[in-house]
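Presented sequentially are two complexes of subunit A, the first with subunit B as partner and the second with subunit C.
== the complex of A and B ==
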């Protein structure tokens, strides 16, 4: 199937008083039409910065220093702000982590949900209201005509996240980017929202990128998993392949560090050390090498490229030369 | 000391009602909880279930509306702050946000020594020696002693908060979402540290978390809370492997997890809890969970189920036997 989005060798840095931070360092991935890709990583791995650059939402002190983002045949990075605005909230839309800080507290939820229709001059105000109410119903908000007029503080966290999803979907985007959409929510509400996202993706002609720190959540709803570390993609595989044959020591360590609800274990096996400091020049070798139990001399001398080790399975590690089962 | 060993902390029938502009809000209702020496008890539940209110009453930061709190057998419920001071060093607290818990204008060392100073423990030199020892124990290099909190990462800050809590040799540490804001790899390091410290110092933990997997890992016993009440409690393994309350079942089903064949659980619409929990300002009659419960019948609206022993755990559901037989 054709790729909807191709990110190639993307580099992004931030300038701050304390020097340059190399947030994204040569990221490559693509998203097939109608599929869901999960970008997984910890704080500072560059996952959010990567997807923000797709939506043209980078902070002012961020600079793209290389690479390209192809979306439906055009390089998003070469577009002017006006052109990006025509795409954002239209063909590409985003859902964020904290619905409370995303919504304007002084405007009713319904008005905010219909905003993308008016901004992109899709229809009249009257029709926009009807469509917004219909959209609120689709995302599972009871008595949508009444709740249309309510303000964000009158919504619970889960309901507000549903409204945010309604806002993101109202223009029928071809790409939905969900950046930690369930992190601020309780586990039962998280399950509801994930189910809603999955259902919405399946019933529309839409592809999705899910950014999350939770590997199991990603595995639950994504077709493909991209693991990021230190602003780089360290492993990329189809979900089933990833679950059975994950090969990067970081991916393996991450799962071994995750407490499990389905089994009694005595003790976790954490990844020792702390994430890399991305200020200043990057080390020559693999960024994970200082924490890696499999490190060799080559790892600190030379950075491993993302290499194919099996069908639809790429890993950036000198030690992972072919697929080996981890379980 | 009496011949029968006293539990470290015993909460009986505690209840907390807050007055709000929308009326009385019962945050915690008739909860019994016993913290034994050297063990970990977990409180789990969604936002607004009253977990943190229980912890705050245990620490006597809040006074219960009714019920009693005993520490080593002594009823401290009505004690004044002054009388409580010596007791407070026995109970320490580690919260979710280490950056907010540390004094930003004090160095790491000063932060760790502050509780000893307040409780008049040791001379300046001894305090420093002890603080340095604790710093090593929580895995921070000695150079960190003179650093300021903002110079440390979140995981390191949480290590300092733990060292500070341990400076007054507490019997019990309340860990209120203590690892929730940390990344997975750092969270694992802190959880292991907490397990080591418990073993070494015979500490008791009251571990509060919305993360069921973390609760399963660290707790010997667990109490599941829903709208201010405990709906199920018992040995962690029993409660997780054979939940008897419909709410516990739904809660566990909502957590994405692995399956024995190496896959992950599928999102299944039938296992989802629908809608939002009822407002604590307007708790339904009878069983508070009945509005979302697949087993709910008429009896549930009329009669509030009390916590009772069913098999290996305590459960507050009229139909627990039926669920157990499934």
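== the complex of A and C ==
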């Protein structure tokens, strides 16, 4: 199937008073039409910055220093502000982390949900209201006509996230980017929202990128998993392959440090050390090397490229092949 | 909402009663009286007050219970205010206080309100201008001038404006009160210092809201920078601005006293100043009462507008 989105060799820097932070360092990945890709990593791994650059929502002090983002045949990074504005909220929509802070507290939820229709002059105000109410019903908000007029503070967190999803979907986007959509929610509500996202993706002609720090969440609804570390992709595989044959020491460590309900009680294995400092020049070798139990001399001297080690399975590790052989 | 307004009006009545009492005591404590200052010193005839007939003196004596305990005298004033029958003042025994007020009050309120409105009309756009170009030279420039505005008091600015517009350019009269031209310098002198702090406040409030997550959402939905400001951020930034308009208005009414004095404007400021200087008790009581009433009503209006702009207060804060 054709690729809807291709990110190639993307580099992003932040300039701050304390120097330059290299947040994204040569990220490659692609998203096939109708599929869901999960981008997984710790905070500071550059996952959120990567997806924000797709929607052109980078902070003012961030700068893309290289690479391309191809979406439906055009490079998003070469577009003018007006052109990208026509795509945002229309073909590419975003769902954010904390619904309480991403909704305007003084405007009714309904009015905010119908805004994408008005910004892109899709229909009249009256029709937009009808469509917004219909959309609220689709995402599972009871008595949507009443709740249309209510304000964010009158919604619960889960309901508000549903409304945010309705807002993102109202223009039938081809790509939905969900940036940690469940992190700020209660555990019970998390599952409902994930299920809703999955259902919404399946019932319409849409692809999705799910950004999360939780591998289990990604494994539940994604077709493909991209693991990021230090602003780089360290492993990329289809979900089933990833679960069976994950090969990067960081991916292995990430899953081992996640609590599981089904397994017998054993000690969680945290990954020792802390994420790399991305200020200033990057080290020559693999960024994960200082924390890696399989480290060799080559790892600190030379950075491993992303290599194909199986069908639809790429890993950036010198030891990957030998490890796969072991496991 | 209605319950809230009724409760607020209740507080206002209590506060006004307390205020009349305090004014009454301060007024009585001030050395001298109308008689000692105006009549005993120069004599009834020579001061031109030939109209103090026995009838007038008799009426005052009855109305204000002169010679009786203080609470009876206080009651005399209070009754006048409560029944909205203000009587006549000591200085102008033949003109009802009401007709003095009808002449002077609109002038002062007009100056104060037009200064506030002009101040808002200048500071809101300046705030938006600076916030949209935050951390650029345009922003710093606008904020520098606003700081300059804040640090110059109204009466100094008034002198400066007179020098420029009256002395050098001969565009506007330097004082007096005949037509609309007389309005310009006093209103500018009061409004400009105010724009300093208000545009700064506006800018800070806008920048704070622009940095909030919900502003990102608007962009993510396909909105433009203008959509972010005019549909979302401006309204939320006005909410804190409105809270400072109340105190500004109080300051404005006090500011007019000085400006009226400088420009010889026959407004409440002058009326009150003369009344206080000559211990014209009835006029002091009534004009103090009126000043306070206006400030309180304005503050109430500000709070109601505040509630209308913020649904969180409209739906919860005002009903409890």
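By definition in this document, the second predicted complex is superposed on the first by the 320 of 327 C-alpha atoms of A that agree within 3 Å, B and C clash if a C-alpha of one lies under 4 Å from a C-alpha of the other, contacts with A are read in each partner's own complex, and residues count from 1 in each chain.
Operating definition for what follows: a residue touches a chain if its C-beta (ideal position, glycine included) is under 8 Å from a C-beta of that chain, and two chains touch if they have at least 3 such contacts.
Keep in mind the model is a prediction, meaning the values are calculated, not measured.
**Q** Does the subunit A-based superposition show subunit B and subunit C clashing or fitting?
**A** fit
**Q** Figure out whether A:253 sits in contact with subunit B (first) or subunit C (second), or with both, or with neither.
**A** first
**Q** On the A-aligned overlay, A:213 touches which partner chain: subunit B = first, subunit C = second, or both, or neither?
**A** It touches subunit B, and subunit C stays clear.
**Q** Which partner chains sit in contact with A:244 here, subunit B, subunit C, both or neither? Use first/second/both/neither.
**A** After superposition on chain A, A:244 lies in contact with subunit B alone.
**Q** Which of the two partners, first being subunit B and second being subunit C, lies in contact with A:268: first, second, both, or neither?
**A** first
**Q** A:203 in the overlay: touching subunit B, subunit C, both, or neither? Say first, second, both or neither.
**A** Touch status of A:203: no partner.
**Q** Check the residue A:89 against both partner chains and state whether it touches subunit B (first), subunit C (second), both, or neither.
**A** A:89: touches subunit C, not subunit B.
**Q** Just subunit B (first), just subunit C (second), both, or neither: which does A:121 touch?
**A** Neither partner.
**Q** Go through the superposed model and pick first if A:78 touches only subunit B, second if only subunit C, both, or neither.
**A** Once the two structures are laid over each other on A, A:78 reaches no partner at all.
**Q** Once you lay one complex on the other using chain A, what is the shortest C-alpha distance from subunit B to subunit C, in Å?
**A** 7
**Q** For subunit A, which residues are in contact with subunit C within the complex?
**A** The touching residues are 55, 57, 85-90, 93-94, 96, 98, 101-108, 112, 115-116, 119-120, 151, 153-154, 164, 167, 171.
**Q** Taking the complex as given, what residues does subunit C use to touch subunit A?
**A** Those residues of subunit C that touch subunit A are 212-214, 216-224, 227, 231-232, 235-236, 239, 309-312, 315.
**Q** In the complex, go through subunit B and note every residue touching subunit A.
**A** 46-47, 153-156, 183-189, 191-192, 195, 210-214, 216-217, 236-237, 240, 250-259, 262-267, 269, 271-276
**Q** So in the complex, the part of subunit A that touches subunit B is made up of which residues?
**A** Per the touch definition, subunit A meets subunit B at residues 42-43, 142, 156-159, 186-192, 194-195, 198, 213-217, 219-221, 240, 243-244, 253-254, 256-265, 267-272, 274-275, 327.
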